Amino acid sequence: MDRSTAIQPATVSQLGLLFQGVREKTLALCQNLEIEDFGLQAAVEVSPVKWHLAHTTWFFETFLLKKYHNGYKEFHPQFNYLFNSYYNKVGERVPRDQRGLISRPTVDEVLAYRSHVDTHMQQFLSRSDIEEFRPLLELGISHEQQHQELVLTDLKYNLFHNPLYPRILDIGEYPIEKEGGWHPIEEGLYEIGYEGDGFCFDNELGRHRTYLHPCEISTRLVTNGEYLQFILAGGYRKSEFWHSDGWAWINANQIKAPLYWIPDGQGAYRVYTLDGMTDLDLAAPVAHISFYEAAAFAEWSGYRLPTEYEWEAACHHFDWGKRWEWTNSAYLPYPGFKKPSGAIGEYNGKFMINQMVLRGASVTTSEGHSRYSYRNFFGPESRWQFTGIRLARS
Amino acid sequence: MDRSTAIQPATVSQLGLLFQGVREKTLALCQNLEIEDFGLQAAVEVSPVKWHLAHTTWFFETFLLKKYHNGYKEFHPQFNYLFNSYYNKVGERVPRDQRGLISRPTVDEVLAYRSHVDTHMQQFLSRSDIEEFRPLLELGISHEQQHQELVLTDLKYNLFHNPLYPRILDIGEYPIEKEGGWHPIEEGLYEIGYEGDGFCFDNELGRHRTYLHPCEISTRLVTNGEYLQFILAGGYRKSEFWHSDGWAWINANQIKAPLYWIPDGQGAYRVYTLDGMTDLDLAAPVAHISFYEAAAFAEWSGYRLPTEYEWEAACHHFDWGKRWEWTNSAYLPYPGFKKPSGAIGEYNGKFMINQMVLRGASVTTSEGHSRYSYRNFFGPESRWQFTGIRLARS
Amino acid sequence: MDRSTAIQPATVSQLGLLFQGVREKTLALCQNLEIEDFGLQAAVEVSPVKWHLAHTTWFFETFLLKKYHNGYKEFHPQFNYLFNSYYNKVGERVPRDQRGLISRPTVDEVLAYRSHVDTHMQQFLSRSDIEEFRPLLELGISHEQQHQELVLTDLKYNLFHNPLYPRILDIGEYPIEKEGGWHPIEEGLYEIGYEGDGFCFDNELGRHRTYLHPCEISTRLVTNGEYLQFILAGGYRKSEFWHSDGWAWINANQIKAPLYWIPDGQGAYRVYTLDGMTDLDLAAPVAHISFYEAAAFAEWSGYRLPTEYEWEAACHHFDWGKRWEWTNSAYLPYPGFKKPSGAIGEYNGKFMINQMVLRGASVTTSEGHSRYSYRNFFGPESRWQFTGIRLARS
Amino acid sequence: MDRSTAIQPATVSQLGLLFQGVREKTLALCQNLEIEDFGLQAAVEVSPVKWHLAHTTWFFETFLLKKYHNGYKEFHPQFNYLFNSYYNKVGERVPRDQRGLISRPTVDEVLAYRSHVDTHMQQFLSRSDIEEFRPLLELGISHEQQHQELVLTDLKYNLFHNPLYPRILDIGEYPIEKEGGWHPIEEGLYEIGYEGDGFCFDNELGRHRTYLHPCEISTRLVTNGEYLQFILAGGYRKSEFWHSDGWAWINANQIKAPLYWIPDGQGAYRVYTLDGMTDLDLAAPVAHISFYEAAAFAEWSGYRLPTEYEWEAACHHFDWGKRWEWTNSAYLPYPGFKKPSGAIGEYNGKFMINQMVLRGASVTTSEGHSRYSYRNFFGPESRWQFTGIRLARS
């Protein structure tokens, strides 16, 4: 899995092809779903697949077609209300926890919405001045790729609540992790942040210097087998490994293992995947753990989590891309961060509090969507993404 | 609308026809639904239509076919877990608030489940000793009729959360209420409770004497127009009309009008029905109000709510059947109440606390399911049924 | 303990003496308290002792002195805000859950407030037309007696949260219960409600006929020993004994025994009393159980709880007064109930929902405050009063 | 106010004097309190004054006397349970939200506890090898100084819930802020963290290099007058200034001004201080604002909050010490951070998540307790400390 370079379209026609390919890919993820699966929402932070299909479409309609495509008529007057996610500047919207209650428009109607917007987008893409819209187009495409990952992770979370544990598709969630060692990071100044002409999100910009102190970073991820050792050693019962908030959280929620691990009653675990219940593969990297669990495991192991700076400085020296790797860096603006103006400015900046940075990518990340400088972020209790652990030591 | 007598099947073949008719009626209620509508659950006490379709089927399968139909093979080993409602004695079940998360079995699979059980029930109904099972059959049929009403009221509640306000079907939710007066109830002893050979629920039994004091009961329901006067007179802003709990409830939940009333911004209201948004018909009986609102309206009007005894003693002197009428009687056992043994014993007795009795029936009650002795019950804050107000005075 | 007749003052001077005696009794209850104990509030429904001292004083100041005592000057302009309990008509007030946060006025200042009001009340009581104020005086005295009981029960609840389990005073919480049998109640009409010229609360009025069916009522209370058998028989683990709400409540709150029972780790229980931790006396009547527990015990025992009508019809045939006895009657108005006008009208009527009636009196009830017709009421989960169980059978 | 250097005791006898002085200072803060004030706890994160008095004493008893003072007998066997704050390794403890429920031991008993421990500490301080215990002694003294600040801020918060708004003492909460300008920070490497032989907390250690980019930092704090402009400009009603979490927080909690600001009904504000209600001094630095509000103000002003690194690099060029200044740095370990072993290791490390760093000191910070390298930390919604705003710009 080579995640090190994102696709960087050089010409306008490539951009059109990329648009088309990404739009088709989203639908392909849904190929094994029943109509009934499209509407599920098991938690406020998890959205129905149908909503993802419509929201990504709304993004192109709202920020490109309605603004810049002459004569474009919006598909439905209330879809802006229904499928806006969090852009306050674009108006009111359905409360986030009620997305699963919107049975109409139906799946078929949402697919018609997609077709309608795709048709007009293809016209739009043939404009002679299309190059001027490249940043917005790339943002829309990257935005849809982000939601492709969410289609899979949200679906997994939603279906997990069904005691029949449905099987949907096999995406290789637990690839074997190769052996590894420690890669040294030398003391000194490093340049951090995105560099180049391709697309990146606003939060990766403001490439800047940072000073790192000498340390080493593991060239492989922590495995299920190692995490199981932590559990068997009483890791979830000993407060000394945990942040105070983490200790409160595992006790309040009775957390005793990663999400999707189910005790088999004989001391071992079974694991739910989108391909159904499976045995726990001890050689595969652990997934679906919170920051609290990642940090407690690191404390127990005698090591620590890397910072996002250490990670970026060293990432060319190891394989990455199977798990979103929790770092011990809070999600904060880079020194030169500038919020874009307008609604697009709500994209990243307003989330820069109460979140930790994750680096890398996961088995559900769309191809072409990962970058060495990519800054993913979630609250420290989040587990429904394919999150994992890479260790460091000073 | 003549609600005064329930259908009372006299022969076995009539029972078979009744079974078939009720089963078909349930499906007929769903004729205008999209697949996506079947899975909605907007509140813990509201169930998805698909769940109702399966649960009523599970009732026949569990209490008749699996127990008494030789060689019957259950349709699916996990449907007992999925579609048990609250019978602790029949085992574990899906948490009530997660019924909307069960996308599989699909609607088609649930319809196949219904067919499977119906086919076997038809065989079962041809037994020579079928008369012995009449009580259970009648209970199963009445149970499904109860859920027919819930299919409509739950659907209305679920669809109301969609800002598109979908139109499904016209069931005449707001019939005009005729003029009326006061009917006197004389002091003395009255016999209360079900009498006869037909079916009734266990909570109606134990026919017994009760002593009533002289009073009068209105022969008509309170209308939307009258309720609007209460609102305009500041009814929701004056604590003196309210129970202490009711006052706290309307303030905590910002309740300012019946459920489904939406201010139009010009001082009037629009109302959501299963046939879409409509104007408020001032001559129709008010609906979708809590016990707290019913009691506050009565206090404001200078009258009071009747007790369930007064209601039953006088009900032959007025039309009823449009609204479930809140009484000022708590839901408690009649003097001679006996819980049936086994899981069926969980049917009514265990709910005899924290609920108020409603008498009558509503526009969504299935034909043949209403009786003068019928004791419906809900918590004092419930509003999603077609609840209404009849006044009394001492 | 003879609880059957309340003190009924015949002359004005007796009323004055009664007033003085009741006011002194309240202070006497506090004799062993430290200043620090007066301010505790461990739950929203439990008030600080200091608040009780001030609130009962506020009642006389507000409803008598400020209204009818010429030239009376209120003690402090903000005490109406601080010490009003729930009378909406008398204005705003400190939120009920924040009574424990009012360190000023101090205990000494509240005692000065009591002296100030007492002095003026003594003047007021010497009016020649004092007879006209008898109803309000009696209400104020009964109100203070009610709060005397709350001083003790709230104190017990508050101090129980201190792991030192303080000892305050010995009020004989667990008197031995004598042997008993079943007393028959014959079928027929009974007069229910207060009769006489003495004081009673508004909710006891509207003496009226009720028809009772034949049954028997126990002449003694259920003991700790019997309740322990229920626990040992798995009573708290078997859903079939419980109301649906009760079952949810014991599971959500991990209720496994009466309030104040603490497992000693060897299979027995220790019990907290105002006189400190003691052994469980098996021959004493069980106390501090919710309605849910009372009803579950009755179901397990094969009997049932009496209605409040049965209780009142038979109460002259057994001793009562040790425990507030849960009945299976909801707290609702008697047929002829009339709410008094003005703020005093908020005394009882607005609580007539979501509560069950308790009859009798408890070891903490003030002498002269109990009546055969007294209707106490609490929500079905309440346990901090000295509640108990008397059984009936049909 | 010169906050730049902490007292650094050079000799053993100075340490003894410092101990004695700090212990006396704590009591001096309580001089105007009534007994009733000592027990108040208005929120889970706010402790009663009595608890602070006992807990700081427990610290010396637990970590010095019981471990190292031969023959020391603990004052009371249950005080460890009562007055441990959060040290899991030292055993169980009273739930944090129930500290206000512990009326016994009384204030007098806690004062006796303090005397007992002080007496033994004076003996202990005369050991010939006392120098070995200097780190623990300094930690205990600094710990008590921290709690001195909490005594004042918790007291203010607790008394604010009393509608009488008690006056306790005048500590000059709103000193005038002098004029100021922008101080430039040059690009380059800076050394960050404590340097020297004096006392500091573990989280200040690991002095290390960091690379700063060019920017400017204000030499004065934001004033009440400037903050009022933000309010009047609709700052609390415009989502574009707020973090997403902050916007949700102000709306859920109806936050419209700093804590302790009370609208006077004529468009201006009154402010609660420990010296009672006062007018708002527009020239004094704003206080009692959350991180969310500090960040929204900065966004509105067109500037930003400094990082803790920028602050430390520049702090010798401006006066500080009136307000704890929110930085845009999350509270995370310095590169070389090492958790001390044992229970003391719980001091700082386990809180390094979900908190933002505040630099400086406040008008309630004890003399000798502030340092340029001091890292205070609170959750982004905290307001009960004297928190303020210093701006920066790139």
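Going in written order, the chains are labelled A, B, C and D, and every chain counts its residues from 1.
Basically, a contact is a pair of C-beta atoms (placed from the backbone, for glycine too) under 8 Å apart; a residue touches a chain by one contact, two chains touch by 3 or more.
All of these numbers come straight from a predicted model, not from anything done at the bench.
Trainee: Just to be sure I understand the contacts, which chains border both chain C and chain B?
Mentor: Chains touching both chain B and chain C: none.
Trainee: Measuring between Cα centroids, what's the chain most distant from chain C?
Mentor: Comparing chain centres, A lies farthest from chain C.
Trainee: For chain A versus chain B, what separation do you get between their C-alpha means, in angstrom?
Mentor: Whole-Å distance between the two chain centres: 45.
Trainee: Would you kindly tell me how far, in whole Å, the mean C-alpha position of chain C lies from that of chain A?
Mentor: Result: the chain centres lie 58 Å from each other.
Trainee: Averaging over Cα atoms per chain, report the distance between chain A and chain D in Å.
Mentor: The computed centroid separation for chain A versus chain D comes out at 37 Å.
Trainee: Under the stated touch criterion, can you name all the chain pairs that qualify?
Mentor: All chain pairs meeting the touch criterion are A-B, A-D, B-C, C-D.
Trainee: For the complex, which residues does chain D have touching chain C?
Mentor: Within the complex, chain D contacts chain C at residues 34-40, 42, 50, 78, 81-82, 94, 98, 100-107, 158-159, 161-164, 166.
Trainee: In the complex, go through chain A and note every residue touching chain D.
Mentor: 86, 88-89, 189, 208-211, 213, 215, 239-240, 242-247, 291-292, 295, 328-330, 332-333, 335-336, 345-346, 350-354, 356, 380, 394
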